[in-house]
């Protein structure tokens, strides 16, 4: 089985590192993985996005014309991805930043007030980890442990404090997604 | 000098990309950041000139520097 | 670095090059290979004897490579389609001068300015020599992050062994996509055979001249045939292809690079449906793996060539099979990336009944 | 009665620029469109856009446009102008386009005294390709290919192309401007208008170099970018008239 | 000028171009085509609206052509092998932009700096597109002064009709040699169909944009297929070849340009000796005259391809015949010119017994 | 006792030059060979010859030589020198080679301050290809592509590349010399020696422009050619030091 | 039958126009003809040469690796062409400028004191026409009439005096070659 | 000043291409055109200095300007 997840938001919201960490988590799970960042700078704009494919087998096309999952951090991204996500897919929306509601009925939409939750944890920097934790919890694409491991693989020697905060973020996101909505 | 106060600007908030150069050049400090995102995903700027006590001179400094041609300036 | 790291194709090229002993890079920005240029800016700065030059143009870059290769360094440049066109005179010179060099073409949609989407429209240019005169270059077409690493490593060795430029031909998506890769150890290039032809000042030896001006037509002809003999040797030694489920295939897809990956999934899908499809993936694009094709053809299969172009490699397929098999074509030029489902449809369409 | 003091110029199409917030290309586009309107030359003007962030200039200028390969604007414009000597032909080019890959074409077109106009956007970087060093990148300035800052030993020095062009007999008018304040922008427009006028008067090659913010690749806010131009960039690239030979012709 | 004049191939090109209405030439000196550049310097000066520019480089020249062609003029440039390599990006652009232009390659020995002797080493570059992306150009290979004149005349018409660059591919000897030629009358280009796509200022009409940047992959793909359709049309309409004593030939020599002339004498010599040899001379190199080849093959002949290269056109011969016939090869790369006697020996060597 | 006052320098091979009678390439070759001998750098020098009449320079200089494509000498030399920073790398280039097709490579190598030396033969023509206009051809001068004489409207103006290069921060020493008389030739040698010395001292880019007769294409006798340089060519291309920054380094 | 004739001498001796005029003469004779000048300027030197092929049939290779005839106006040219002329061929030497004698026995060598004869006609400019006249007379490759016609075709509207001088030169050369040696 | 007259030149007539620059620069006018062609096809120049009354100063002006390095200069 192959799952394709898209991440989207504005530059600076940590969109690319969400995907990156998910890819590392999948590597820990001994899966095949591809990571495709939004590609090329020939047209400028405020958005960033990337796609992560995870599979037990070799991965063919790393492009997701109709992703299974999408994590969107701003409104333009939500508007875009609610259009292309596959039927039956799941979209996670940072409801702290996106006021509108998605319009599709054939997908599951999960609203996470990620900025609010992050502030409660003490720093807005945890926003993307909260979304990622919620994603893992709701989709089972990877485990929270693998995510945390993937996250520290990526951050490596960087500040232990940040690793800690991120870990808390992942857990908090998962908790919220599973129990608090 | 009375005439000088007769300016008025119109910011097209969908064209605006929130660079805030207009804010930095307005001699009257009557442009500010708006609270709502536009469709491009930016917080556009907006005029804060009051109709009671209009300060805008119509000097067009804001429009001159606007990289996205989002501002029109009128004098009534 | 025996651990797996997640890296974009462009970065993999850079890291593999550094580990292969590349100490000279000159290049000029162009999407979708900028990350490679940028990687080399950082990587060369870390070496004691590393040189990175952001050249004023692609032409300057390839000519700097000529100089650096003459001086004996392992050298690389990279660009994308329009920039590679500009390097054609230099590539012809490198070939004539018998200078080793690695040249990366991270193809984009064309012709002209085109777009930056994945494409395979430069196959002819790469394999037939877009420059003037009789020459051929080794052309390698990787299809995964790991293979990029392996082929770049090989490319430097081939270049030195066969005294020729070697091209890594991939598309923008291969360059951008990240996959897990395990790198080899750093190469100690002091252990490599000495370059007895390099020019570094005639201290304690007769002076050397590296030139391609051969005014005497007989000398030029002899040089041409010498190159041909070397090319024959290369053809003999380094044909590479991946065969996947070809032994009993009734329809064998031929595709390279990212297109082959997509085709592979399509083949799996077809097999699930009881369709005997197979995949033959050329890894060396020049020399073209004729032997593998002929072997596959001997199993009485038809072929479906899938290219992200209007049809270029198909000529090599035809030349290899020389009329022995039926050959079909599916092309998507200019950037659109087919899905496995699309290719599956094509397989069904052309499957012999 | 409502008087319109400022509005979108006529020959700037009704399209949202694809440029980043605070980008100088937008301002300069508008100035060019205003000048074309004021000189009433829209129906005989031809724009040659670059490969660079302004590659899509044809989406904005409502006039005939012919694309050039990266760096070759001056050559393409030469071809156009020689065939159509009474049309107004101008190139719009970035610093990478003109001062790196297009060095030879630019210098020789200028030296031939081709009767064309060039708008030369100096933003000290390769904007479109993501912020590599440009020939005009300042010493010490960071870019994706000079992560430690431009080092003259390795990377050479900022190139003052306009000053070099001023040495050529074929160039008539060369001015460097910036678009960092309303005052500078008004001066920029005056320069652009003069450059076009010189072409209309068939005097020869004219060029306006525009110091232009690229907040994205400079990693600064638009407002800071303007300040940075005023404070630092103008030290290496002083604004003002570099050459004006129009009176002697 | 219906009288015969003795002129070098280079001058014939120039004069034929002027008569075909060429009013814009940009070029850069290189042996062995300098006489053409020089001829155009004089000829353009004589026209009211003629432009001659000695460009600063081959790259500048081809890009000036782009501008002048956009403006609606009939345009030409010329160079020789290394200079043509430098024009590859521009040729890809001309093709993508659908701009008519005539490009002359007076080939010399290569690769690299090579020499200035006659050679046919740039066949691949010309026929496969040495530039990036999916495109093809019409390539014409004249073999006499008169044919140079006729094909240059045609080239301008083809370029306008099919909106494509057309290349005249000849070698240094064809360029230098003088032969008697009869020229056609001057063409009144005001009688030609209007170029409704040209840009000359949007006076009284909607503005026009000529561009090749097609960021939308679907648009780029559609553009690519549109070009392919046009290429198919060209293939259908303008294949040209000369068949000489082929009807009963047992060995048919295939050669183009000067090589074909030499081969023709060899064929005559062979016929005198009772050897049933024939000659098939491709005049259009792209599109390759497959139909003529297949027709010849249907007479049960073997083929001997003779090229002044290590073997490039032979691929087109193989592709045309697709395994139906035996194909032999004789190549002389890098400058040496065979004599008819040499080729006669080759005919004897390969003549089927 | 016989004293040898003048003889063939050591590193000039015993071959007959292929140059035409009175050609300045021969004189300049000899000066370069003398300088290499005097500085004792033959075993660490690498020459990058041009495409141009001097394309066969390797038949004459008895040192390592690496060929460059037409115009690309500066780029090839850059590659060589960066890999071998303690070798002496010099290009020998004509005016067509350097100032036309090689404009960009020349300017940018100079601007990077590559520590190389260039001998720049300005003979106002494309010698090798038979006398076409060069960037340096004088106004009114006839050539095979300017049969009516160089016309500034059509063909542009003589390009003073050395003066342009002098504007670049990376250039250390630039001098224009001529080889039209024993006195000028001695000055030329001094300049060439200084240029090499600057490279040996690792100061940066040095260049000597040599006004050099091409009697064949000028269609003058060698003696008249020298006079013509002195009387006319030096008006457009005055001889002397154009830039010397070696003291400030 | 095809005949190949080489012309060689120093630049300025009218070598190329000799060949050119012969080619025009052959055109008048309704023959096929090719003219190949010494080719390329990549190696410099004091000599000029060209080759003219004349045939009733189409001409294949315009190069003469072993020409039938050679007309040489200076010593280096004589030294070169006496080496490559075909067995049984004819070489015409301007003996006013070439002091040496040819060494081959298997070719016919004809010495013409062309400068001397030209001066007698009143101008050294007739040297090449004298050689050409001698050539035509000795080889029969073309007639003197065709040569004269070819010469005026080439010179066209140029000075009538020169045409006249040249005509005389052609005749004088023929006369000398046939009768005076 | 006596020493000054002790020069002597040797012209390699096979290297010489007859450009006559040497003739034009010799302050003593003791170089002239020779009557016999060399193998390259040029009339080389030759020294006309007389052994009776040698004028050559060994100033090497001729050698300095000779483009073909055909002249060597000695002082005895």
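General remarks:
Note that the chains are named A, B, C, D, E, F, G and H in the order they appear, and that numbering of residues resets to 1 at the start of each chain.
Convention: a residue touches a chain if its C-beta (ideal position, glycine included) is under 8 Å from a C-beta of that chain, and two chains touch if they have at least 3 such contacts.
If you're wondering where the values come from, they're calculated on a predicted model, not measured in any experiment.
Steps from chain C to chain D, minimised over paths through touching chains, total 1. Top-ranked chain pair, ordered by C-beta pairs in contact, is C-E. If you average the Cα atoms of chain A and of chain D, the two centres end up 41 Å apart. Chain A and chain H, compared by their mean Cα positions, are separated by 88 Å.
Computed from the mean C-alpha positions, the centre of chain E lies at a distance of 35 Å from the centre of chain G.
Look at where the CA atoms of chain B average out and do the same for chain D: the two points lie 27 Å apart. In chain E, 31, 34, 53, 56-57, 59, 82, 89, 93, 97, 112-113, 115-116, 211-213, 215 are the positions where the chain touches two or more neighbouring chains simultaneously. Under the contact definition stated at the top, the residues of chain G that touch 2 or more other chains are 41-43, 45-46. Residue positions 19-21, 51, 55-56, 67, 69, 100-101, 103-104, 107-108, 112, 128-130, 135, 155 of chain F each touch two or more of the other chains. On the chain A side of its complex with chain B, the touching residues are 10, 45-47, 74-76. Taken in their complex, chain F has these residues touching chain D: 100-104, 107-108, 111-113, 135, 152-153, 155-157, 159-160, 163-164, 167-170. Contact residues of chain B toward chain A in the complex are 17, 37, 39-42. Interface residues of chain F facing chain C in the complex, by the touch rule stated above, are 42-46, 48, 51, 55-56, 58, 62-69, 72, 75-84, 87-88, 104-105, 107-108, 112. The touching residues of chain F, when paired with chain E in their complex, are 51, 55, 67, 69-71, 96, 100-101, 103, 126, 128-130, 132-133, 135, 144-148, 154-155.
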